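Structures given as structure tokens follow.
After this come two complexes, each holding chain A, first together with chain B and then together with chain C.
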Partner chain A sequence: MNQRILTGLLVVGAVMFVVAPVLIALAPYESTMGLVQKIFYFHVPVWFMMFLAVFICGIASGVYLFKEKPTADRLAVSAAELAVLFGLLGLTTGPLWARVSWGLWWPWDARTTLALILEMNFIAYLLLRKYGGPGSEKLAAGLAIFGMFNVPFVYVSVNVWRTLHPQTTVVPTLPLEMGAPFWFSVLAYLILFLVMLGVRRRLEEQRAVIDRLHLSLEEGYSS
Partner chain B sequence: MGEFFRVAWLVTCKDFRVESRSREMLYTTTFFATSCVLVFSFAFVRGGQPIAGAEAGIVWVALAYSGQLALGRVFERELHHDALRGLLLSPVDRAAIFVGKLLGIVFLMVIVEMVVVFFVSLFFSATLFQYVPEFLALMITGTVGFASVGALFAAMLARTQSRAVLLPVLLYPVTVPVLIAGVSGTVALAQADPNLDLAHFWIALIVVFDVVFLTLSLWTFEPLMTE
Partner chain C sequence: MNQFALVSLRCRPGNLVQRCVRVGLVMLVVLWVAHPGAFGAQQPPPAQEEFVPIDELPPEDRLPAAPFLIAAYSIVWILAFGYFWLVSRRLTDVERELTELSRRVGQDKGKAP
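Right, the complex of A and B next:
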């Protein structure tokens, strides 16, 4: 993604993040939960971005593993960091909502447990890359593919186990006055996600260039 | 296909032969699993009475810990005299090598399971064998799920320096769904009023995870083991 597109997205995203709170404030209160339900406009888009990051990381890891393209690996590690970041945001906002709605911070139901496991999966990915030594990129790619296949289980878990967590039917059945600010928030987060992914990936590309230069410099000295 | 399973069986036989000479893994993992059960018995028995439902968690935690111990050792052995490289360079399907290793680990874990289940039944007065087919199905499918991911991760970490630390870090987040399903299924079978439908649901869920884990492991073993 070139500089101009990134800047454009950043400007659009900034404007949307200014407008989004106004739209959320104007949206009607949910009949049973009241004000606390407004965290929904933050919590759900954040998880959408987490899932998107996991899919990007998983697919890029597959490409790296089978086609051996280093650019795919750089995209994968950038997406993995964002998966952990958005996962942490989701795991923070979820208990805040749960405490008020259900009276407890962590209900240990299927969705929350599987979401926590998914987050741990990608923390493990980053730990492996940091401490695994040479060749850990490949091993981490294998782990990311396993992590990606957890997402469908996380998503459908609320429908399989009828737990406290709202089901997946909530978003498609939102009335327009709630759906509009919700999808606006999703779009704002998507833009933020793309900007962060673009910047992080560029950083990784530049790191690879520096590594190559170091290597050629060392080879120059030794010869 | 016949050749694939012949190679897998040869790898398993090789591991058995190595193990039969020292019996190191069998003795250490069984002893460790028994120690785990003993430690849990101090935590989960109050006034001579075990806490209800604790036995299911103890069986699976003891298995997971001892299984992890065995997994770390299975591929570490292959590092001596560069045996791992020799194995990977042999002109056979690498997935068959993986299946051979996996079979060896599953057999070992099943032996450990028999000892663990015996001690848990003894110490906790647990009625684990009320429904033998369901209980065996739970244990075997759970073991295959845990071992398939474990064998892959142990193999791919074999050449890294910090493998002892990284194996549990990678293994548990991926295999926890199988362990949860195993514990929940065992609770459904061992409780005072057994719930067979619930046990069948958990067995089916573990089978789904087994299929996903085995497919992914067989698919990624070849590129992951390429230097």
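Right, the complex of A and C next:
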């Protein structure tokens, strides 16, 4: 991504992150959960970004596996790191909400358990990339594709299994005064996500250039 | 002597497994009769289908939830921007290394016959 576009997005994102708490504060209280329900305005967007990162990682991994494009692999590893980050944010904000709403930190219901498995999947991906040695990129790519297919199960788990989590009908049926701050928040996180992905991908690209330069230096010394 | 010690004393080798199973079943039936809700209570209440806004938050709900909300928002800010700062720092280091390497490669090419 172009440096100028990245900077522009960063500025817009920063402004939105300043405005978002004001909109969230002005949003009405939910009738059964009260104040703590406002965690919803950043807990759910964070999970949306986690799913987006997982899809980008999974699709890029597929492209790398079947077309053998190194650029796709670099995009995949960048997205995987963001998937772990946003998953971690979701897994820490969720229990804080649950403790007040349900009286327990972790219900071990279908949604939380599947989300935890998804997070561990991408932690495994990063560990494999770091310590797996030569060839681990392809193994990790397979793991990423497996993780991507886990996402629909996480999403529909609240409709299929009995769970404490609200159903997927909550977001589409939000009244305007709750929906506006929510979608504003989603947009703010999307911009933050794109900036992070752009910077992280640039880091991978630069590392690849360094590797190539090291190789050319070694070839120079050996010849 | 408590009930569990008595059960373990009665379960002697031979038909030990059968006796323990029988005693276990009896205890489950007793528990179910005494607390009929004990098994039903494991089922969570039905999931919420929609969020309904209210005008004013009840006073008893104001204080306990606030620290959790603030903690959640702070964690998001700290982790997200901490990560962003970390990646920017790594990028700066890599770009410095890249400049140094490019310089060395350029020198080597200059020396080549």
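The rule we apply is simple: the second predicted complex is superposed on the first by the 223 of 223 C-alpha atoms of A that agree within 3 Å, B and C clash if a C-alpha of one lies under 4 Å from a C-alpha of the other, contacts with A are read in each partner's own complex, and residues count from 1 in each chain.
Here is the rule we go by: a contact is a pair of C-beta atoms (placed from the backbone, for glycine too) under 8 Å apart; a residue touches a chain by one contact, two chains touch by 3 or more.
Keep in mind that what you see is a predicted model, and the values were worked out from it rather than measured.
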{"item": "Chain B versus chain C as contact partner of A:G135, first or second or both or neither", "value": "first"}
{"item": "Which of chain B and chain C A:F153 touches, first, second, both or neither", "value": "first"}
{"item": "Partner chain in contact with A:L197 - chain B first, chain C second, else both or neither", "value": "neither"}
{"item": "Touched partner set for A:L127, first chain B, second chain C, both or neither", "value": "first"}
{"item": "Partner chain in contact with A:A144 - chain B first, chain C second, else both or neither", "value": "neither"}
{"item": "Contacts of A:V36 with chain B and chain C, given as first, second, both or neither", "value": "second"}
{"item": "Chain B versus chain C as contact partner of A:C57, first or second or both or neither", "value": "neither"}
{"item": "If touched residues of chain A are counted for chain B and for chain C, the larger one", "value": "C"}
{"item": "First (chain B), second (chain C), both or neither touched by A:L75", "value": "neither"}
{"item": "Footprint of chain A on chain B - complex, ascending", "value": "149, 152-153, 156-157, 159-162, 165-166, 169-170, 172-174, 176-177, 180, 212-213, 216, 220, 223-224, 227"}
{"item": "Contacting residues of chain A [partner chain C, same complex]", "value": "21, 27-32, 34-40, 42-43, 46, 85, 88-89, 92-93, 96-97, 99-100, 107, 109, 158, 162-167, 169-170, 173-175, 177-178, 192, 195-196, 199-200, 202-203, 206-207, 209-210, 213-214, 216-217, 220"}
{"item": "Chain A contact footprint on chain C (complex, rising order)", "value": "43-58, 61-62, 64-66, 68-69, 71-73, 75-76, 79-80, 83-84, 87-88, 90-91, 94-95, 97-98, 101-102, 104-105, 108, 112"}
{"item": "Residues of chain A that touch chain B when the two form their complex", "value": "65-66, 113-114, 117, 120-121, 123-124, 127-128, 131-133, 135-136, 138-139, 141-143, 145-147, 149-150, 153"}
